[in-house]
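Order as written gives the chain letters A, B, C and D; numbering starts at 1 within each chain.
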Amino acid sequence: MDIMELLKSLLELDLGGYLQSVGTAVWVINLIGVLNLATACMIIVIFLIWLERKVIARMQDRIGPNRVGGKYGLLQSVADATKLLSKELITPAGVDRIPYNVAPVLIVVASLLTWAVIPLAPGVIGVDLNIAVFFVLAISSVSVVTFLLAGWGSNNKYALLGAFRAVAQMVSYEVPMIVSLLVPILLARSMSTVDIVEAQGIPFIVVVPLSALIFFISALAETGRTPFDLLEADSEIVAGFHIEYSGMKFAMFFLAEFLGTLFMSAFFVVIYLSGYRFFGVEELMIGGLHIGALLGFIVFVVKVFLVYFVFIWIRATLPRVRIDQLLNFNWKFLVPLSLVLLLTVAVMDKLFLADAAQIPKAAVLMVTNIVVGWVTVELLRRRDNDGQTAVSPITEEAVTAH
Amino acid sequence: MIPMSWYLIFSAALFAIGLYGVMARRNAIAILMSVELLLNAVNINLVTFWRYRTPDRSVGLAWAVFVLAVAAAEAAVGLALIISVYRNRDSVIAEELDLLRN
Amino acid sequence: MLDNWQFIAIFVLFAPLIPGAAIGANWLLSPKKPNRIKQETYECGVEAVGSSWIQFKVQYYIYALVFVVFDIEAVFLFPIAAAYGLLGAFAVVEIVLFVLILVAALAYTWGDGSLEWV
Amino acid sequence: MFGLEFDQIFFVLIAAVTLGFSVLVVTMRNLFHAALALMVAFLGVAVTYVTLGAGFLAMAQLLVYIGAISILIIFGIMMTRRIMSAEEEPFNGQAGLAAFTAVIFFAFTTYVFINYWPAVPAVSPLAMAPEVDPAMIDNSVVLLGQAFVNPNAYVLPFEVASVMLLAALVGSVFIAKPRIQEAEA
């Protein structure tokens, strides 16, 4: 037990390596990793709820939480959680017990599990699966099932209707998400998140901006954020599939939503914003100490919060769309566009850019992306001018809804 | 280390259960679910043989993916038929669907 | 490979403890005073009419159908995308053909009006 | 425990859970519960794939079977409404015969596995998985991707699969869609 070695490993974010060197079993190291990851997620979510309320309040010219925990109301979400703890867990008559009780647990498990494949810093990752992106998609498709469990189990018309809507929305927006994710995988030639980060000498948001945009919009819908928050449209289906839940069981759905949004920000950073990389700062060595690991982690966290800020910003800006607009926008705009983009990138990459150097290749792909996006918008405008009802870009869509 | 025969017996048991479901259930959707069990049993066999006999090639995996595709298509068409029949005949009991009898 | 999955396995075993502990603590701390009115199904202030397991329209099913087709497409295309650097030019033709056939499926449902929310 | 190694105990556990829930699938009266049991059985099969080193297929199983096919089945159950009818008899007249056939099938297959399988004399049915480089198992996904578009391997099934999906989608949308005259009538 060398205290210096331990400190060094902590600075390099390589506790696992240190434990291995003193001969700890692999499953113990894994267990410690799991505990760290899960606890960190929980603490960040408590902070996030406060952050979101504060930012939204500022954007709407309010102050937001300002009583509990000092001037800035830092402990507001802790107080809320404590209040929820003392609430009665009402189980309505006639519920289907097993689905009703499994759903809140399962939805949190599913949204925690995806964190296992996010590289937080160089060498710091739960597990570097070779099929990490596919793993994320598979786990998030499991969380769709929990909506059906909750909706069915509640023995309530609104809950079931809300669950059906939620499932229709989730499965619909999974299609453009899958197809747009194929583009970075195609460019990185790997499904591993670490490989994808390593392949981003130039961040993919620059190389394939259209794919990033499509992914971002479908991430908004997958997490049920405004303008796609039909899952809990209070005025229409009274909060949707979790209406019959109270106390902590209700809080679990809330928690899963925040975990999911935070995860989508992190996933966006990993896939399109080159993860922990920032002009080589992640490889910095000072006096034999790999300080770059810590810096890379800070870079990653800053990027994630920037993306999360955009999520909050959109929530404060855009009104909710109607369900027909939501589904039309997906099937008649996003899905065709993402398929066209996939084919264009695949053909360009193989036939014209097979031997190109990195920078010209990125430039050509970026121009291609912009051209595809521009042509689509132009086509839609022509159609709109012909007087036909067409799918307009998202902002116009949202405005006409209200 | 797990002997190959364990996987094969496991898959055979799953297949037998599915077989029972297909033959004994009355509800058409329940029959469809049993068919999915049968296809899963087949897939376990394919993957087992891939791992134990040809791990250096992708034969078993590739066919398992094709089985997956077939299973999805089968479920889609089967359920569409069941919904359509239910709409017209107000029943999903396989025995009562005897339009071609007489 | 299996060592990789060990982490996931531990995660799966551990993760339910978090929501489980939260709900368990809630169950211990909360008052338990059920009564008939409180346990009634919520329905905007009126008494619930009929079974909640009502029948739903076929539109939801059609969206799920199109989704299934693209899901399978993903299972085929993800390994191909991962192997893309090792493929020849002919592979591109095959991929384009594969995707175009699926686009035809989408186009059919579009033209058919099945994607309209009614 | 009983002279079993850890991974053997794990396998037996997974197999027992999978088989148990598949028995529930074929016996439960409430179809929605049967569909939930089916999901657990699918999950068990996915874990089996992981123990075999086929992580990609396990995830495909989650994505397609649990994320798509189960949802289709649940939608189908909701739309045909005959769910809560517990008084309805779930089995037809030939349930006993079916059980007999299933047991005979299982006994026969197991007998063949243990005594006559495989035809290649060098391999015993108790053979363990060959020791291979973990990198090779990892690489199987890339091999799979190459095989799908290799003209000497699976190009034809690959393209036929997409045609089949097209046919399945067109067919099922056509069947499931309510006819207009029907709606008027």
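Definition applied: contacts are C-beta pairs under 8 Å (C-beta built on N, C-alpha and C of every residue); 3 or more make two chains touch, one makes a residue touch a chain.
All values reported here derive from a predicted model rather than from experimental measurement.
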Next on the checklist: Once the contact rule is applied, which chains count as partners of both chain B and chain D?
Outcome noted: C
Next on the checklist: Report the chain ID whose CA centroid sits closest to the centroid of the full protein CA set.
Outcome noted: C
Checklist outcome for this item: Contact-pair count is greater, between A-D and B-C, for A-D
Item to check | chain C and chain D, separation of their C-alpha mean positions in angstrom | outcome: 18
Checklist entry - Approximately how many whole Å separate the CA-defined centres of chain A and chain D? => result 30
Next on the checklist: With centres defined as the mean C-alpha position, give me the chain A-chain C separation in Å.
Outcome noted: 15
Checklist entry - Got the chain D residues that touch at least 2 other chains? => result 51, 53, 55-56, 60, 63-64, 67-69, 71-72, 75-76, 78-79, 81, 137-138, 141, 143-144, 146, 148, 161, 165, 168-169, 172-173, 176, 178
Checklist entry - Using the touch rule from the top of the page, what residues of chain C touch 2 or more other chains? => result 3-5, 53-54, 56, 58, 60-61, 64-69, 71-72, 74-76, 78, 81-84, 87, 91, 95, 102
Checklist entry - Which chain A residues sit where two or more other chains touch them? => result 129, 131, 134, 137, 141, 152, 160, 164, 167, 171, 174, 191
Checklist entry - Taking touching chains as linked, do they make an open path (line), a single closed cycle (ring), a hub with spokes (star), an all-linked set (complete), or other? => result other
Item to check | Contacting residues of chain B [partner chain C, same complex] | outcome: 65, 68-69, 72, 75-76, 79-80, 83
Checklist entry - Across the complex, what residues on chain D touch chain B? => result 5, 7-8, 11, 15, 18-19, 22-23, 25-26, 31, 34-35, 38, 41-42, 45, 48-49, 51-54, 56-57, 60-61, 64-65, 68-69, 72-73, 75-77, 79-82, 89-92, 94-95, 97-99, 101-103, 105-106, 109-110, 113-114, 117, 123, 125-130, 132, 136-137, 140, 143-144, 146-148, 153-154, 157, 161, 164-165, 167-169, 171-173, 175-176, 178, 182
Checklist outcome for this item: The chain D residues in contact with chain C across the complex are 50-51, 53, 55-56, 60, 63-64, 67-69, 71-72, 75-76, 78-79, 81, 83-84, 134, 137-138, 141-146, 148-149, 151, 155, 158-159, 161-163, 165-166, 168-170, 172-174, 176-178
Checklist outcome for this item: chain B contacts chain D in the complex at 1-10, 12-21, 23-27, 29-30, 32-34, 36-37, 40, 43-44, 47-48, 50-53, 55-58, 61-62, 64-66, 68-73, 75-77, 79-84, 86-87, 91-92, 94-95
Checklist entry - How about chain A: which of its residues touch chain D in the complex? => result 96, 98-99, 129-131, 134-135, 137-139, 141-142, 144-145, 148-149, 152, 160, 164, 167, 171, 174, 191
